[in-house]
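Structures for review follow.
Two complexes follow with chain A in common, the first pairing it with chain B and the second with chain C.
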Partner chain A sequence: MDKPQQDSTDTIQKTVQPDGKVKNKGFRIDLFKLIPLTKKICQWRSLQFLLVFPTMVIFLVFLYSGLFGSTVGNRNIIVIFVWIFWWFLLITFMVPFASRIWCLVCPFPFFGEWFQRLAFIKVRVGKMLGMRNKMYGLNKRWPKFLSNIWLQNILFLGMCTFSAMLLTRPIVSVIALGGLFFIATVLSMIYRQRTFCMYLCPVGGFQGLYAMTSMLELRATDKEVCRKTCKTKNCLTGSEKGWGCPWFQYMGKMERNNYCGMCMECVKSCPNDNISLNVRPFCSDTLIKGYDEAWKSFIMLALAMVYSVTLLGPYGTIKDWANVAETRNWKGFGIYAAIIWFTALVAIPSVWALGAWLGKVLSGSDKVSTKEIFIRYSYMLVPLGLLAWIAFSFPLIMINGLYIVSIVSDPLGWGWNLVGTADIPWAPIFSEYTAHVQIPLLLLGLFYAIKRGYDISLSLYQDKAKAARSLIPLGVVCTVVVLAFLKLFTG
Partner chain B sequence: MKLKLTVSCILIVLICAIIPPSFAGLSSSGEKKEFYITARQYAYEPGKISVNKGDEVHIKLASLDVIHGFFLEGYDIDAQIEPGVQKIKMRHPSQGREFTEVDEIVFTADRPGKFRFRCSHTCGTMHPFMQGEMLVNPNYPFLAGSGGTVGVFISALLTMFVLAKKDTSAAAEKELQHG
Partner chain C sequence: MNFKERLATLSVIISVIAVPITIQWYHGNFVLGGFPEGTKVITLSAVAKGGAWTLDSVNGTNYWWKDFKPATINIEEGDKVVLRFVSTDVHHRFYCPELNIGPVEVEPGHIVTAEFEANKTGTYRYYCTAMCGDCHFYMQGWIVVTAKGQTPAEPEEIAVACTQHYEKPPENDMVTWGRYLYNKNACISCHGENGEGGVENPNYVKDEIPAHDTLAEKLWLKEKEHVDIFVEMLKSRVDFEDLEEKPDIPLFNLVTLQYTAAKDLIKNGKHCAKLDATGPEPPLQMLSWRAVLSDYDIDAIIAYLLTLYEWEDDEE
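== the complex of A and B ==
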């Protein structure tokens, strides 16, 4: 089994009732029960294809535009739609409100998944690799030592090092997105299911982490049914109605959103009608399981800071360093890259480690190790990081929003005016009010960081005073981080 | 208890958010502030300017390479500058698309806070990220935000330790009853 499959019970999210049953903390509203039509839609076999196919066509148009359209970023649809519009929708709405819903419509695995199934819609029944579906390709297992998100972390950091080029040069976007599409397709031919999405996709890594905050979850309605009644585990192994989970998730044990791609196959294949699509409180999954996930939170925080300085700041020298393709200042780019990698991989984790150690000392207890505090409390950077990214993304859309409107009429920058919006002059949309949006977002991020941090501390320490004391140093770190973002955005 | 704590926390955050701006003062200096800003791909020099609320701001612009724009958010000012040309083409976007030629941009800094000036004329690959900052002091949003941030932390500490104390008292009471 791959690591993400072995989700254990998240103690923070559970309360044991007098009858011994474990109940989720916080409300759960099952959308399948509330609006039965949603269940029918999710059980509909054509759903994914009908969503992915248009995305795939749009993606190919973007690639074409990147190859043959204007070389100026803000006049080419691939740059404006992918890095401004899609990014804003993803980080601001999709992830916080719909978990990894993007994975349901993502075009990257389109051909790879088709190659594995030789079908877009129907299900193939068969027996292989412990599954009840017939699949094509080599179906190899991903190496165990790579069954974590370290590769995703490094790939994402690597890709983001070249962000200034990605965000401004259509051809670089074509190389990056086309390359990911190609790798996803080839890997699907070699490895089982959505190996690329789980272990390599740079977008999947941060989506998985931040999906922990999401207000939507796909879960077993009653896990006891999975564990005791269900002998076939069709969610994992598949059936004649649905494919086995492409993400290797067994619903009887799945407790976090991290590795659920919301493909809805389990809704189709479950023979016990035991899947719920729940609305739940913000930041309901709080269990960070290892260093790879902890480092992802550090990387995301570091990148939010670096981008805020580079892209939203007034610092010409740093922009020159990042813009190496034009300036050819390789020394400057080296400094820029070193700052990003050092901040993400060394500086922030070191501060966090110091905070964790101080927390252990302040708690006055030896029962919880510094390592455990370091890993578990790193969850605090999940809501904080997400809200900081949203605060970063708002100005992007407020400044570049009108480019989106005009580029619809002239997607390739060839002087067309398809829907009459090409000549709308650029102007920021209420950008002078960004601070009024960013400040509440950052405060909300800090609030959730400390609130969930306290929940985690209570699961580690029986004594509330010890729990509170253990949280102080990292609470201070989070507060300082928010002050730093405030300075960057509004100060 | 829970309601009391929640209300106290909200009050603490609000008080912390109000205190720093209150100390920053309200007075306007009304001085004349002059700046000479050069634009190049993809930055302004100086990238940051600072004035006080009420100051009369005079900005002269020059481009060092290609045509650049100068859109000052919050002040309805958009300008274009050509390399080697002293005159500035300026307009107020809310009043129409036509530019008029001026020697300098003049306005009163009557809105406090941080306002970005951005290039409004596509000048190259990094054009969307070419921007500078004008700080109009006192920067109330930043001061309130910083105070609020500290307030969130203080209220979190308060909540945690009040709950811990309540727990300890309840345990002691239980022990007394059993004893």
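== the complex of A and C ==
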């Protein structure tokens, strides 16, 4: 595989194509240089604690509310704030504009990380496991055969299969979120660093994939400094100023957002002042590295489709199938689950494989294998899937927005009225403009899918015509998918 | 441990403890404690599953497995009472006509209140009068108002519980199928076991729900053999308006007329008229069953009720 090489400068990054031409990968604006205060804030040791601590307290309120608050989903903060409000913020703003910034404030690893560090703020200096930090716990290595995102794929698919229950029954959310919190804590005691976040967290999987599109990145300012000048590799090994990267990332080689949890430890530990927080163009990372990541893009697209049909579509029977907690129709639920899993794991990948094979045939070149086309072009589904999810999430917030306002006053559904908004009657907000929002989003997704697909094809083929021909079948698949979404959303 | 670390650790420990305590403290002092002094505040949670207005706290930890029992609310004469209603699932409607409370619409997750002063001692039945699920008809209980210092009276047990399981028979066994539907669909809760009626319906013109074990008589079927013939005709699903040969049942036209009226009543429901026109609406109403029961199901119930008639023994 011809992988693009990158040449870093302060404000711009360039990709060297296989034909030797240098392709501009777009602008980079280093926020640390533009606004020096941001760097100071990111270097502040208390930063993560001060961000994650309030999230942790809120999470405890959510759990308490899920356990002892109203049993009605839309009257309980754990349902409305997690699955409606947080989801909307995450998919619409955090991931596209701030990468995996959520991982910085996520409460799941809060106690687990403390068990590893026995500290919330300070850094422990020591020598173990090739690091310059002292860590507690068993610090075992995660099995190599599981060092991918397949488990995340399966867990996310499993969790989403029960989404109707998560949305309607607060206790199911407690079981799911509390379970993840518990697993994250226990795994942190057994395995080193953020193993849970890397390989198990269902949210982490899709965040990582879609963070490739993000307009924010944390990168080495000059990778040559990391590779040649830096002897200590403190970003990975830690120092007295910062912990070694909990995500096992070495800044000298980190090219993608996928596995950067934005914890800012590297900003603190880098002895060469060589870390930048860059603003960059949308969809700057384009390299899908394996089947696990490719399948994640299929799963996310399948779920966006199924959710749109189930939650936004006019199909009562499918809604009843999904909502097994109310209907007790286990047979229908079995069909619904089978449709989700088959679509995500078999149907879409099969269509994609066929498209990849056709692309290879049409290109008239044997230089690039079907497998490579299959994996590399699956990136097209990243912007497409993300924008489809955003298009799905907008009506969700338009329909349920007033529940959020109401829940602020009565988080547990116990008859409180904290800020006087508890009794605001429910009504959809600007729902008549839903399609006006969704159509441009979907078309933007298709635009980026085709555009980035073409960029990828150019990196695979010397010949522009071959590159373009190889893209045609999967470009058609993406177009059909968008047309299907448009049909569904606009009637 | 430096100061910042200590402060952080302390903050975490305090928050873990403070979150539940603060929530309970706020609820106790500012929500439940927000009513005028001397008011007795009672929270009633409506649970469609099992059909109960319960005094238990219903939440995620118990909703799924617990069989909530209908509450008996004991209060003393002269008490100023605030009833806080919360629905834990679907739309319910609280109604206690004899104490003039409600009907109070109780939407899922919303808390509504009703205030009253217990001025007369006695035992008063309350109901849910919004069709809330399979157990709706069992969703009843008692408010017992006792004179100060007296021991509250033990009210009678209300019918059978919704949780009772009925074995599903084959549909083609019409009479057994009818009995199953009668029990399963909670006809039993108003019309009584074996159609004996007698359930009180306050301010209903007939005072009590009429018995149905005399349906044979109401249908002008005067002999057991006539009932048998008629039930056989129901089983064979004949069209009574298109019979070539009339059966050996006296006044057969009248019988079919009464049968059609009974069937229409089950299909379309009936409003229970008030005894006192200025008084409260009778809480128990005959609902329309056309969306739940098929023609065959209704015939099966009628066939079952016809067989309940106790015929006098000819030999005696």
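Everything below uses one rule, namely that the second predicted complex is superposed on the first by the 468 of 491 C-alpha atoms of A that agree within 3 Å, B and C clash if a C-alpha of one lies under 4 Å from a C-alpha of the other, contacts with A are read in each partner's own complex, and residues count from 1 in each chain.
Note that a contact is a pair of C-beta atoms (placed from the backbone, for glycine too) under 8 Å apart; a residue touches a chain by one contact, two chains touch by 3 or more.
Bear in mind that the values here come from a model prediction, so they are computed numbers and not experimental data.
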Which superposed partner A:Arg75 touches (first chain B, second chain C, both, neither): both
Touching partner for A:Lys122 - first (chain B), second (chain C), both, neither: second
Touched partner set for A:Leu60, first chain B, second chain C, both or neither: second
Partner chain in contact with A:Ser365 - chain B first, chain C second, else both or neither: neither
Touched partner set for A:Ala465, first chain B, second chain C, both or neither: first
Which superposed partner A:Thr38 touches (first chain B, second chain C, both, neither): neither
Touching partner for A:Leu311 - first (chain B), second (chain C), both, neither: first
Greater chain A contact set [chain C / chain B]: B
Intersection of chain A interface sets (partners chain B, chain C): 71-72, 74-75, 169
Contact set on chain A toward chain B in their complex: 71-75, 164, 167-169, 310-317, 319-320, 323, 325-326, 399-400, 403, 425-428, 431-432, 435-436, 439, 442-443, 446-447, 450-451, 454, 463-465, 467-468, 471-472, 475-476, 479, 482-483, 486-487, 490-491
Sites on chain C touched by chain A in the complex: 2, 4-5, 8-9, 11-12, 15-16, 19-20, 23, 26-27, 30-31, 57-61, 63-64, 84, 86-89, 108-111
Chain A residues within the chain C interface of the complex: 45-46, 49, 53, 56-57, 60-61, 64, 66-72, 74-76, 119-122, 169-171, 174, 412-416
Contact set on chain B toward chain A in their complex: 13, 40-45, 47-48, 71, 73-74, 78, 93, 97, 111, 113-116, 118, 120, 122, 124-133, 139, 141-142, 144-146, 148-150, 152-153, 156-157, 159-161, 163-165, 167-168
